[in-house]
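Letters A, B and C mark the chains in the order given here, with residues in each chain numbered from 1 onward.
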Amino acid sequence: MEIIRILISELPQFAKGTLVALEVLAGLLFLGLVLGLAIALAEIFGNTVVKFFATTVRKFLWAIPQLVLLFLVFYLPFDLNPVLAAIIALGLCSSAFQSQIFRGAILSVQSGQIEAAKAMGLSKPKIIFYIVIPQMIRLSIGPWTNEFSSELKDTSLAYVVGVVEIMRQAKYIIAYTFGNTAAVYLFVGVLYFILTRIGTYFFYRLEERLWVPGFEKRS
Amino acid sequence: MSTILEVKDLTKKFADIEVLKGISFKLKKGETLAVIGSSGSGKSTMLRCLNQLSPPDSGQVLLEGVNINAPGIDLNTVRADMGFVFQDFNLFIHLSVLDNVMFGPLRVRGMSKKEAREIAMNEIERVGMIDKIDFYPAQLSGGQQQRISIARALALRPKLILFDEPTSALDPELTGEVLSVMTGLANDGMTAIVVTHEMGFAQSVADKAIFIDQGVIVEQGVPEKMFAHPRHERTKLFLSNFVGLQ
Amino acid sequence: MISFFHYAIEILPDMLSGAWVTIQLAVVCITVGILFGMVLGVARVYSSKYIYWIVTGYVEFLRGTPCLLQLFFIYYGLGDMGLLLKPVIAAGIALGINTSVYQAEYFRGAIQSIKPGQMTAARAMGLSKWKAIRYVILPQALRLVIPSSSNEIIYMFKYTSVAFAVGVPELLAQAEINGAMNFRYFESYLLAAIIYIIMVFTVAKIMAIIEKKVYVPGLQLMQ
């Protein structure tokens, strides 16, 4: 069939697009992780002012659609390349969600654990780094995997500011092979599905490896 | 009095385990039958086979002479005619007390809201819970929940009621209020089958008792006689667990 | 700052008309999403093996693909095959389908968390399976599903902005049009962001009120 021949010959283009998508994904998840963690720690351990500031930032980032933030960053008064703009905008949005994940995980670290650490004479930063964060990581992998797969799909939004990721490659291919639109998009769907599955499988394995008795596993 | 329920040679297997190995008995209208036996002997399974919640493998269940374990029988009607009271109540947790008791008349019998409400209020009154009609199950004690679940069963106007250890999930001090509701029912002439470990209740209220062990009825008779002079070794052994019976 | 306010007031009518389209689009696809999600969720728990696998495959595949792709498939893909839909219809269908598969998962989780005794008790009273689902399981599932479902509703409200990509004149599209017309992109999107924030906060408030309204003691998802 003609369409299969086209898809096979275009595989390198799809591969390029996939790499760009993964680049955006890695960047935005990292930014979201750092910011999200900072927001979560600020909301839990900060003083009243810090807490208020962190909560406000989180709520506003949570309420703005990704596409709107994407355009806002893209049209900032100085030049940003599209990939960087996408990473910043999507990363900011992601940080609002990731902070919620970390906040929940930190809050479910049992207070007895912290008491015990305090009783041993550990300082606050040490308690955070040696007790809270290791336990938090185990507790947050499950929800974080959901965020991962949701952001993997949302890298497609970078399409609108001209990042040549998978959707944009698909658009090019459709344009110069005249038609086959549905088939190409169906193929792209399968591609995303496979990427999502591989990613979540990886995190599932990670969760299993990090599991120690006493932590509830995701079902 | 006429026979309301006749059970003939009921059997039931789960995978390879024979849980019921030919259960037969008769029950007359207005009688209370106590079913006793140790854990795992098949008492719950028997009750669930009677109203076909789990269909028996073979045998007959004749309700007023009609075999309900036969093809072509509308099981929903049959079940509505046999009230069921669970060990753990299973009140509908999204409905208030009144709505729980109205549920059967409304959704199963297809009555109007007004009729359903009237019946429900009567039955709630009967179990002494009229001051709690707007409460949700989660706001009631276990004993109160069980009384409401009895009212819910009664509101269907069943021909008989099946009780599966209705007081086993209750704290001892709450058992009494449920047993007294059930005693009232027996006195009012309700037909009932009660699986129970409350030997005192069985002895004073039940007209008949059957002792089940490993899926067979080992002994049946009048509770007082049976508890005082069990004929079979296994019955003796089982009854010896209950001190101060005689 | 002053010039932003002047500009904002100048384009506000356009932006509000866009916001109105956003609201309508959101209401349609959220409603579709909840209804279909409920059906799919019930099917994943109670249907026969055969239907179970079809529904599971459908839900899992769609959950693994981007919303924008689904929109393009329906608008451009089906259009290319001769089924031309108006942008707003295509967007309503695509977003409705998209959100329904997520709602389906939440409904499935809610249904599976209902104690089996509830179904048994309903059947023991003589209710048919479907009546038991309709009168006992679904009313409970609807309450249990509200926290996760309302997250999805808010998420979808924001996500209607992808409809601009097929030319639906909603809020984001209005920002783009006005930005291009006046060469004031950043300020246009800034105003869009402000309007979205107001709308999303309002929706969140409404969901919180609903959650309170339908609260039943003892009926929460176990965490």
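By definition in this document, contacts are C-beta pairs under 8 Å (C-beta built on N, C-alpha and C of every residue); 3 or more make two chains touch, one makes a residue touch a chain.
Note that the structure is predicted; figures quoted are calculated from it, not measured.
Participant: Whose C-alpha centre lies nearest the centre of all protein C-alpha atoms?
Facilitator: C
Participant: State the chain with the largest centre-to-centre distance from subunit C, centres being mean CA positions.
Facilitator: When every chain centre is compared against subunit C, the largest gap points to B.
Participant: Averaged over CA atoms, how far is the centre of subunit A from the centre of subunit C? Could you give it in whole Å?
Facilitator: Computed from C-alpha means, the inter-chain centre distance equals 21 Å.
Participant: In whole angstrom, how far does the Cα centroid of subunit B sit from the Cα centroid of subunit C?
Facilitator: The answer is 46 Å.
Participant: Approximately how many whole Å separate the CA-defined centres of subunit A and subunit B?
Facilitator: 56
Participant: Can you list the subunit A residues touching subunit C in their complex?
Facilitator: It is residues 59-60, 62-69, 71-72, 75-77, 149, 153-154, 156-157, 159-160, 167, 174, 179-182, 185-186, 188-189, 192-193, 196-197 of subunit A that touch subunit C.
Participant: Which stretch or stretches of subunit C touch subunit A in the complex?
Facilitator: Residue positions touching the partner: 61, 63-70, 72-73, 76-81, 158-159, 161-162, 164-165, 172, 175-176, 179, 185-186, 189-190, 192-193, 196-197, 200-201, 204.
Participant: Note which residues of subunit B are touching subunit C in the complex, please.
Facilitator: So the residues of subunit B touching subunit C come out as 51, 53, 75-81, 84, 86, 88, 90-94, 103-104, 107-108, 136-139, 152-153, 156.
Participant: Contact residues on subunit C for subunit B in the complex?
Facilitator: 115, 117-118, 120-128, 131, 135-136, 139-140, 143, 216-219
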